[in-house]
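We just call them A, B, C and D in the order they show up, numbering each chain from 1.
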Amino acid sequence: MALPDYIEDLEKWQSEFSHSYPVTVRFSETDAFGHLNNTVSFVYFEQGRINFFKDIGFGEEWFAKGGEGIPVTADLHCDYKRQVFFDENLEVHVKVAGIGNSSIDLHYLITNEAGKVCMTGRGRMVQVSRTSGKPLSWSKAALEKLEASQAIAG
Amino acid sequence: MALPDYIEDLEKWQSEFSHSYPVTVRFSETDAFGHLNNTVSFVYFEQGRINFFKDIGFGEEWFAKGGEGIPVTADLHCDYKRQVFFDENLEVHVKVAGIGNSSIDLHYLITNEAGKVCMTGRGRMVQVSRTSGKPLSWSKAALEKLEASQAIAG
Amino acid sequence: MALPDYIEDLEKWQSEFSHSYPVTVRFSETDAFGHLNNTVSFVYFEQGRINFFKDIGFGEEWFAKGGEGIPVTADLHCDYKRQVFFDENLEVHVKVAGIGNSSIDLHYLITNEAGKVCMTGRGRMVQVSRTSGKPLSWSKAALEKLEASQAIAG
Amino acid sequence: MALPDYIEDLEKWQSEFSHSYPVTVRFSETDAFGHLNNTVSFVYFEQGRINFFKDIGFGEEWFAKGGEGIPVTADLHCDYKRQVFFDENLEVHVKVAGIGNSSIDLHYLITNEAGKVCMTGRGRMVQVSRTSGKPLSWSKAALEKLEASQAIAG
């Protein structure tokens, strides 16, 4: 399997995920080729990402009405390794692969019940001010949460 | 074809639509049975309904940021008469079938390129106050627009 | 709460559901009004219906490649009683409300964590032959499974 | 604007697109942040890609029932440059940026009515045999169509 440029060593990369969330393929998510439509991976990434944010304590800051910062998607990438079909039970793994001033690079891994890699991916999220629309630097508390999520994984 | 209870005479009912909007079936909207997934009809109904509202002059009132009223879906019904496949060019027809104090009953008809009936449907929309969340009576201007849309059809 | 015509007595109707399935509102399922988009209820109905079919032993017959019959949606109806927001944990309840020669009438109830009714619905499914496209009568085994699902509920 | 690694010179890159397709943002495609949900760009990419394939004469080969090859998504990437809102009229531009033995690299550009860049993207498609599931080399006729699509753009 040729590796995308955000993965150096697949085994090491996989071992660094410590947060994952189950998702079962819905019938409405399949397409006429009989498998999961390619656009749905990004729905699973978003769902995994939001669960991850809640797990590390970002839920209130980002999704409560009063929060100053909101997460904006800067880019998203998905590599499709294995076809996925209706009713498969998948796991969406998420980790912080890099931390900027007001952004993070998240990596994604979707595995099937046999533990096989179905999709890998990555994407950068930027924290933006709800009022100014400009990038908003991480607070010290936020940075600590992001770093802690990596430490757990190590 | 057995008629649903909101259609008395199919030919007459069909003749009363004067607004319609084209939509082409996307690949991501099909499912593993090879046809349009049943849930997508309601996406087409919504799209037709919004185009209809814009056509009759409701766009600004309902979708502009400053408007007082917003449209809320009270119920929706779809009858599936004919399978629809990837890349078919459909027409979504919309009409006002009844007008209440703060609500309307909309009827929907989806036809294919041969003019055959694929889906029929109906649903009630209620105008609700953005601030109080309570039903908001139609203004005189709004009523006139709704009635005019029916007159055109007659 | 005005009752739709498929519900005579809400309390009795609710008590007859014995199968339910959890679903959490995804961010991508909300819309710019800030709540669950109306079209997504039908995705939840489909998901509940398929889980229900698996529970009562229809999974293999309908979703395995070799099966003769496939389920086709004849109609669908949803009544919206309460707004639903991002991240709410819902339960999709499904029951068989009527059995025909080759069809069933399914009823749906979506409740929130407080047990409040968010949506109710119904829809008829027809078993169709994969080869002829014509309605296919229930086998004796299938009928027994459908009836058993009602008995459990009683 | 920092450029993604698949764009060397934005102006030159933009000038090489000669196929584009209109799409209007649906209400059901927005999310509770009030803009187009990030996952929908990939629906627009797929829609643009399929229109492009039809335009260059691949429709019959890939989407007809009898065709030997089917297109499989190997990877997809989207860079989000500008927020997009309900009811905006967008253009999805598609071009062939590279041709392999059995694959192509497609580039995508989504612009708004003012001609501003909203999203850019790329992704590799592989032609796979419907029977063996293995990559299937382009026929001479297919290669000529792919190259012709680039010539038009030049």
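What we mean here is this: a contact is a pair of C-beta atoms (placed from the backbone, for glycine too) under 8 Å apart; a residue touches a chain by one contact, two chains touch by 3 or more.
Just so we're clear, the structure is a prediction, and the values are computed from it rather than from any experiment.
Shared contact partners of chain A and chain C comprise B, D. Look at the CA centroids: the one farthest from the centroid of chain B belongs to A. With each centre defined as the average position of its C-alpha atoms, the distance from chain B to chain D rounds to 31 Å. One simple way to say how far apart two chains are is to compare their mean CA positions; for chain A and chain B this gives 37 Å. Here the CA centre of chain B is 23 Å from the CA centre of chain C.
Annotation for chain B: residues touching 2 or more other chains are 27-28, 37, 39, 43, 46, 86.
By the touch criterion stated above, chain A contacts chain B in their complex at residues 27-28, 30-32, 34-35, 37, 39, 85-86.
Across the complex, chain B is touched by residues 4, 33, 37-40, 42-43, 46, 70, 72-80 of chain C. Interface residues of chain B facing chain D in the complex, by the touch rule stated above, are 26-28, 43, 46-47, 50, 63, 86-87.
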